[in-house]
Structures are given as structure tokens and as C-alpha cells.
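These are the structures in question, set out in turn.
Note that chain A is present in both complexes that follow, paired respectively with chain B and with chain C.
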Partner chain A sequence: MPVSGKTYRRIRNIVLAWLTLVALAGFLLDIPRINILEHTARNLYFHVPMWFTMMAAFFVSAWRSGQYLGSRDPLRDTQALEAARVGAAFGVLGLATGIVWARFTWYVGQGIWWNFDPKQTMAAVQLLIYGAYFTLRSSVEEPEKRGRIAAVYNLFAAACVPFLLYALPRQMDSLHPGAEGNPAFSDITHPTMRVVFYAAVIGFIGLFWVFYTQRVRLATLKERVEDAFRT
Partner chain B sequence: MKEPFARWFAGAWAVFEKDLRLELRNRHAAGMLLMFVPASILLIFFSAGQEPLSPRIQAGLLWVVILFAASIGLGRSFVSETDRDTALFLRMHARASMVYAGKLLFNFLLILALDVVAVLTMTLLLHLQVAHGGLLASAILLGSLGLAGATTLLAALIAQAATRGPLLPVLLFPLLVPLLLSAATATRHALAGGDGWGASAESLTTLTAFAGVAITAATLLFDFIWND
Partner chain C sequence: MTIHPIQEADTTNAAPYDTIWTSQEVPVQPPDALERTMLAQDKLYVVLAVVLIIWIGLAAFVLRTDRKIDRLERKLDASISQETSPE
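Up next, the complex of A and B:
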């Protein structure tokens, strides 16, 4: 069964209050001024959690797909689909915040929007896979068959994608922290920033949970209404 | 213990033999690939003009041609079973893993034939110069194995979908980005000369691992597509 309305509303309220605090702390607290980065460093609180959230959504979706193949419970298929949808939305946001950030720091004065950075490429490939997953779903009519085929594709993609982590960094240079010649994230971060950043990660994953649960509940309700009209 | 494996192998071999015989009878896939590969390389030749291409671009173009040809030519391997209504018959006589193994072997050989045509045509038209023949062969062999593993599963998948036309490339290409990157790197080192084997050891490892994981995952997941 999907999450009950009571639990959903309680966690939603906590997440909204939490994210409000994160946004306030993110914009108002003092941060160290680093050359070139300056105030754009605050984007750390929004850009990076998008990726954490997309990865979390990706795992939830693959996990639900596996459960669907085991149980053939339509709820599992709905959960896999909605996790992928919300994950794709977070992926687009992560790409957008990253492109704008890179344009005015790494590529300032060069006028470049897109440079093949490994992490950027990986995000683009992941979004392409989500797109293929949605396209595949739209080409099958029968719900049982659609769920089965989509789950197989989702799990197969989950097996192939991790190779990018290994193959990409050897092909192209990265400007992201932690890459060669760049200090890792933990070396450059101010204590205040670190606290706000971790809080933001938890908050955005919570926001994913809220959207995901709400969409699953909505889909289940729609199904129930349609069934009632049919009989 | 030996008996069940021998029977499994005989079943997989029978599926392969059936596909091979059908192919030799009408030469549908082979004819199409033989036309598609030279035609696309000719298009590259016309659009690039007389400009000599660097090994990096040659390696990239070679793999793009192979990927496109495979995604077009191999899409039929399961659609033909559904079209002729032979899928049920096959399902009665062979286990899912036998069918997958037989089709995989046939597709792998088809891709190898396609590779040979592509390399020969590129040597003829685009002056491909191979410094390390063995390295080029290993890169193509390993890359084609991973490509065949992924394509065979996805071909079975789209045979069940209602709109089959352009679906296979859409599903296939995002998954094959790691394969394309490693295969193109190894091929580039094979063309450019220098310390080819040492420089492409990592790429060959990635290709081997990708082929292993793709075929294992596909074998496990194929059950769910084949026996509905």
C-alpha cells in the first residue's frame, strides 16, 4: 500500500520547514570569499544536492523495478515510474544549475555553456536513459507487459551505467573538485558551509520523498476511480 | 552433471543453426548490412572531402558506423519470430537461456562480419592505416561482444512493444556510451601506433568487463521477457 495521508502530511510539513531553514541559512550566513567563486559558492547548497537526489531516485526506481519483476504488483511499477519521473526532474535542475554556475566561473570570458566534463556527460547520459525509459513505456499499451518490459530495461540500464564512472574520467579532464589537480570537496569547505550543505542534501532528498509519495498516491487513487467507473 | 549442460548447449546450438539457415536462405540481414555499411562510409567520404582524417576521428567514425549498422540490422532478430508466429513454437522447445545464447551467437557473428566490411571499406576509402593489427582485432572483438549482448536483449524487448520502428537506437545508444568510449580509445591507439597495447590496457579491461556484465545481466533478465 502507498503511504497513508497522515504520515505523508506530517513528513511534508517537516521537509518544508527544514528546506525553508536551509534556504535562509544558504543565502544569509556569511561564507568565505574565494577568488572567482565569490557568492556563487552558495550554489553548492542547491546544485550538488540535486545530484545526490537524482542518484537516490535512480536507486529507488531500480529497486522498485526489481520488486515488480518479483511480485508483479502494479503498485511497484507505479513506484518505479514515479521515482524515475521525479529523478529526471531533479536531473534537469542539476544540469541547469551546473551549466549556469560553470558559465560564470570556469568559463568566464570564454562564452562556453557546455564543455564535456565527465560528471556533466554522465548526467546527460542518465537523462537520455530516463528519456528512453519513458519512450519505451509509451510504446506498450498493455499494463502488465509495459511494467515487465520497462522494469527489464530499467535494471539493464542500472547494470550498464556504472561503467561510465570508470570509463569517462580517463577520456576527458574534469574541473570538478576532487579531480586531478583540484582540491577535493572536503579540503576547501568552510565548517558553516559544510553543515548547511549536509542539511540541504537531507532536505532535498526529503523533498524527493514528498513528490514521489504524493505522485504514487495520486496514481493509485486515479486507478481506483477508473476501476470504480468500469464496474 | 555433464548431461544437462550438453543438452543445454545442443539446444542453444539448434537455435543458432536455425537462424543461420534462415539467413543463408534469404540473406536479409547480411544484404542490408552489406549495403548500409559501405553506403554510410561513402557518405562520410563525400562529406569529409579529400581532407585526411586523424586516427581519433577515424576510430570514432568506425564505431559510429558499427553501432548504427548493428542497431538497424539486429533489431529484426526477435521481431521476425513474432511476425511469423514462431515465438510460441520456440518457447515450447527451448528454455529462455538457450534462446538467448543461440541468438547472441548469431548476432555476434553478424556483427563480426559487419566489422570486417566496415574496416575493409574504411581502409579502401578513408586510408585507414593500422599500426597494431592484433590490438585492433581485440578491441573490435571485445566491443562487438558487449554490443551483441546488449542488442540481443533489447531486440527481444522491442519485439514486444507496439511501435518497433526507431525504438532500438533510442534504447541502445545511452547504454552503450561506456562501450563506445573504451572501444574508440583502443581503436585509436591501434591506428596511431606508439605504445598501443600499454596505452589501451584499461580500455580493453573496461570492454571485457562491460561484455561480461551486459551478457550476465541480459541472461538473468531475458527470462522475464521471454516467458510472460
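Up next, the complex of A and C:
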């Protein structure tokens, strides 16, 4: 195991306390009022870290896949799979929260939930690419072959992230910050909000680490049990 | 001194996602019941909805992991009882 149970429990407790403080700060601290956004600007602390966490998770996953291709250690394959799973869960939450946020700010008075904003659309495409990773895995029986094919595909999937989530939406008329004609996040955000935002990003990435470690431990245990009783 | 001359947006061939914003008649619909609820309190309920979605999603994830543990436990129990039971 990469970390001892004691280290894991200590980090887990810190992460849970940290995120509690982030949620309190997110709701209680005063923020500047902007038209259209109003209080929903606080979603910066909750919606945006979902995407940062997803990208961190996919980066970890790609890193483990690279290690798998080098070492052919089954643990690396398990780590890549679990990181991608947790990352995809965070991505789905980011998409769902974004839809709700857009409905009551961008699309107020329009009665629509989804209007193919480029960043939203590309994020959905990115999740589908990872959906294909899970499907691909379940279609190969032989573990060695499955690990190799999945690892190569996973590297491709991770390579799409900067293009689909940064390069393309910034070239198009997206309503997201940083797109054509919109100022980037760092130009427009109040200093207090930036502090809480970065704290939230760290907290949610910590939560990813907790879930990821938990599931890798579980998957390793499952392997061991299956090996022990395979007679 | 003008560094970047601001160009007037050409809205004649605008894509669907920006026509809403270049047209002057926003909002076009009177707020429905859902909007009246969600826009109250300076839209704070939108934040509540977002936090609840995340909370429910993370809780569902934890429950799924727990179900996996349960399944593994049952499997382990079944294997042990099979091994120890007399022929």
C-alpha cells in the first residue's frame, strides 16, 4: 500500500474538517453583488472545484496508466481505473451543478436548461470519452491485455482534456469566463472569493484522494480474497 | 490611444447560443413558478441547489463503495463456510 492506515485516517479527517470550513466560509463571508449573478457567485466555491478535481483525478489516472505501461504491475492498472471513476463522478457533478447555475442566471426568462455553451458541450464530450474508457475495459477479458489497451486509451483520453476544456471553449463564444471577449477568472474575482475558492479546490482534491485511496484499497482487497479462495 | 479597437458585433449570422444575449428583449418570458422560487433571496437558493446536488452525489458515491464492501464481505463469509464445512 502507498500510505499507511494511520496516514490515510489523518488526511481523511483533515479533509472533512477543511471542507466543512470551506462550506461555512462559502455561505457566511460577504461577497460583492453583481447583476444576474447575485448570490450564485458563491457557486464558484462548489461548481468550479468539481472540474479542477476531475482534471486532477484524470491526471492521476493517466500517470498511473503510464506507470502500468512501464511496469505491468496490476496495482497501477487498478489505481488508474479507480482514479478515472472518481474523476468521472466529480465531472458528472460539475455538469449537473453547471446546468442548474446556468438555468437561473444565463437562461433566466428563457426557460431552457441547456443551450450548447461550448464549454458545457466539450465537458460533456470529455465525460463521454471517459465513458468509452470504462466500456472498453469491460469488453476485454484477459487482465494483461485489458490493462495494456485501457492504459493506452486512457493516455489518449487525458490528452484530450486541455483541448476540450481550455483551448476550444476559449476560441468560441462561450459564456464561461476566459472565453472570447470574457475576462479570465483572475481578472474579475474579488480577493476574498479567490482565497475561499482555492481552499475549496484543495479540499475537493483532498476528498478525491480519500475516495480514490478507499477504492484502491477495496479493489486490492478483493483481488487478494479472490486469489486466496481460487482453488 | 486605442490598443484594441472594439468591433461592433455582427449579429446577423450569430450562432444560437449568443443570439439570446445580443437581442435586447431579455427576459422574453414572465418568470414561472420555478424561477420565482429560485430567484428569491438574491438567488441564494441556486447555491443551495448546487450544494445539495454535490452532497447527494458524494453520498451516493460513498454508499456505492459501501455496497462493494458488503458484497466482498458476503463473498468472503461464503468462501470460508464452504471451506470449513464437512464434505
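In this section, the second predicted complex is superposed on the first by the 214 of 231 C-alpha atoms of A that agree within 3 Å, B and C clash if a C-alpha of one lies under 4 Å from a C-alpha of the other, contacts with A are read in each partner's own complex, and residues count from 1 in each chain.
Throughout what follows, a contact is a pair of C-beta atoms (placed from the backbone, for glycine too) under 8 Å apart; a residue touches a chain by one contact, two chains touch by 3 or more.
None of the values given here were measured: they were computed from a predicted structure.
Participant: Which partner does A:5 contact after superposing on A: first (chain B), second (chain C), both, neither?
Facilitator: Neither chain B nor chain C is touched by A:5.
Participant: Touch test for A:125: chain B only (first), chain C only (second), both, or neither?
Facilitator: In the superposition, A:125 contacts chain B only.
Participant: Return first, second, both or neither, reflecting whether A:214 touches chain B, chain C, both chains, or no partner chain.
Facilitator: Touch partner of A:214: chain C, not chain B.
Participant: Given the superposition on chain A, which partner contacts more residues in chain A: chain B or chain C?
Facilitator: Looking at chain A, the partner in contact with more of its residues is C.
Participant: Of the two partner chains, chain B (first) and chain C (second), which one does A:155 touch, if any: first, second, both, or neither?
Facilitator: After superposing on A, A:155 lies in contact with chain B but is clear of chain C.
Participant: Once the structures are superposed on A, label A:96 by its partner contacts, choosing first (chain B), second (chain C), both or neither.
Facilitator: second
Participant: Which holds for A:104: it touches chain B only (first), chain C only (second), both, or neither?
Facilitator: In the superposed model, A:104 contacts chain C only, not chain B.
Participant: Tell me which partner A:222 touches in the superposition: chain B (first), chain C (second), both or neither.
Facilitator: A:222: touches chain C, not chain B.
Participant: Can you pull the chain A residues that chain B and chain C both touch?
Facilitator: The overlap between the chain B and chain C interfaces on chain A is empty, containing no residue.
Participant: Of all residues in chain A, which touch chain C in the complex?
Facilitator: Residues of chain A touching chain C: 23, 26-27, 33, 37-40, 42-43, 46-47, 50, 86, 89, 92-93, 96-97, 100-101, 103-111, 115-118, 173, 175, 207, 211, 214-215, 218, 221-222, 225, 228-229.
Participant: What part of chain B is in contact with chain A in the complex they form?
Facilitator: These residues of chain B touch chain A: 150, 153-154, 157, 160-163, 167, 170-171, 173-179, 181-182, 185, 202-203, 206, 209-210, 213-214, 217-218, 221, 224-225, 228.
Participant: For chain A, which residues are in contact with chain B within the complex?
Facilitator: On the chain A side, the touching residues are 69, 121, 125, 128-129, 131-132, 135-136, 139-141, 145, 148-149, 151-153, 155-157, 159-161, 163-164, 166-168, 170-171.
Participant: Contact residues on chain C for chain A in the complex?
Facilitator: Where chain C meets chain A, its residues are 15-18, 20-21, 26-29, 31-32, 35, 38-39, 41-44, 46-47, 49-51, 53-54, 57-58, 61-62, 65, 68-69, 72, 75-76, 79, 83.
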